[in-house]
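Naming follows writing order (A, B, C and D), and every chain is counted from residue 1.
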Amino acid sequence: MATVELRFSPLPEHVRTARLVAAAVARRAGVDESVLDELRLAVGEACSRAVGLHQHGGLGGAVRVALTDQEKRFVIEVGDGAGTLSELAASSEDESADGSDDTLGLAVITGLVEDVEVGRDEAGGLIRMSWPVQPA
Amino acid sequence: MATVELRFSPLPEHVRTARLVAAAVARRAGVDESVLDELRLAVGEACSRAVGLHQHGGLGGAVRVALTDQEKRFVIEVGDGAGTLSELAASSEDESADGSDDTLGLAVITGLVEDVEVGRDEAGGLIRMSWPVQPA
Amino acid sequence: MDLSLSTETVGDRTVVKVGGEIDVYTAPKLREQLVELVNDGSYHLVVDMEGVDFLDSTGLGVLVGGLKRVRAHEGSLRLVCTQERILKIFRITGLTKVFPIHSSVADAVSATD
Amino acid sequence: MDLSLSTETVGDRTVVKVGGEIDVYTAPKLREQLVELVNDGSYHLVVDMEGVDFLDSTGLGVLVGGLKRVRAHEGSLRLVCTQERILKIFRITGLTKVFPIHSSVADAVSATD
């Protein structure tokens, strides 16, 4: 099981909560102070993307953030419940949006996080990221 | 569905995370600043109690905190997965513990929170508390 | 922390001073502000990011949107930013090539290239 | 924030100054400190709570445990606390009747009742 799991209804305001929780749990797990800012940003991006997918698709459900403290890595998984929509959105250019947020979001995540996988599970898209943990 | 739901493995350190999240989401939902301290304490007590039950019972599983923003009330539910253990613990006096924490914890919760119900669901004990929300 | 916004006119430029967090929650306020300025005929904008604590891709998107809007009127959108943390986000998204970034408001309002 | 602890001897009293959060996570450290003092023969304790930001029932339990320990040696455990927020927690649990609570360390170390 994840050490800590957060689920929230797809609203922008809860993305802040997700950032807050991820950073607090990561710090406590021993993730280096110097990468906490990046971690906070990356989690925010993954959650914003998930919220955007739910909102564009007019979907209810929840965004899931799983925080797992492994021996040597701190793993964060952000899953949306947007089903196949999450694939469409990742590939299509949304011309109506200012500056195509989704592409920018992924660029930020992949630019910041060394270990990142953009994949999927049963519910929809799943972004998996990890950071090293300092031995306590 | 709850607006925000947190699940965590039954370890004392995560109780802090639960306090942090509950206070942040409650504030954002419009719970008055003046009661946020009490809310934080009450959530902490409910979570500490749940963690204690899991630990005494040698149980795995997770403690659940559901935060629901209703029209006029902000509702917090803290559920343990301790099954029938949660009843035993509530009634028995644990003589080995310093000052019988469990009784003190419930005293704090019921002393602080006007609207509180101590009950149960399928998984175990469930403490339900609510606070008024200021119209935005 | 929430977003704070204030505007000031310096010659033909409008300086938008931004403070706090520009994220998925607050970015709409910044977007509104930029749209309003352009609608009111301010086409030469300087966005002062020195007070920004947090910036995500939604914020970047709003800035890119602002740039598109002023360009439609032959305008400009310049940024003021010296915070390494924030500059990094522009760099990894390739946006340092899209926005002129200055190290002070004085620099930005007098720039002409 | 974490718990901070420091001790000081004033005459026959030992003053334990506590800062930060006393909760389910940090209370074990306070318990250890109190147990150690009693084991070392300090039976007249003053716990200065003025620097405490957060106190929960686990913390109360540890203080009650400390009181039991010093009483087993005819000792005393006095608290220093003027923070209304913290006092309220002692009040609603009925512990204001159990602990002598003083408004300054000077008061507490000179109290004899």
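Please note the rule applied: contacts are C-beta pairs under 8 Å (C-beta built on N, C-alpha and C of every residue); 3 or more make two chains touch, one makes a residue touch a chain.
Computed from a prediction, not measured in an experiment: that's the story for all the values here.
Chain centres computed from CA atoms place D at the largest separation from subunit A. Centroids built from CA atoms put subunit C at 43 Å from subunit B. Mean C-alpha positions place subunit C and subunit D at a centre distance of 53 Å. Rounded to whole angstrom units, the spacing between the C-alpha centres of subunit A and subunit C is 26. The residues of subunit B that reach two or more other chains are 13, 16, listed in rising order. Annotation for subunit C: no residues touch 2 or more other chains. Under the contact rule stated at the top, the pairs of chains that touch are A-B, A-C, B-D. The touching residues of subunit B, when paired with subunit D in their complex, are 12-13, 15-16, 37, 40-41, 44-45, 47-48, 51-52, 97-101, 104-105, 107-108, 111-112. The part of subunit B that touches subunit A in the complex is made up of residues 1-9, 11, 13-14, 16-17, 20-21, 24-25, 28, 60, 62. Residues 21, 23-25, 31, 54, 56-58, 60-66, 68, 85, 89, 92-94 of subunit D touch subunit B in their complex.
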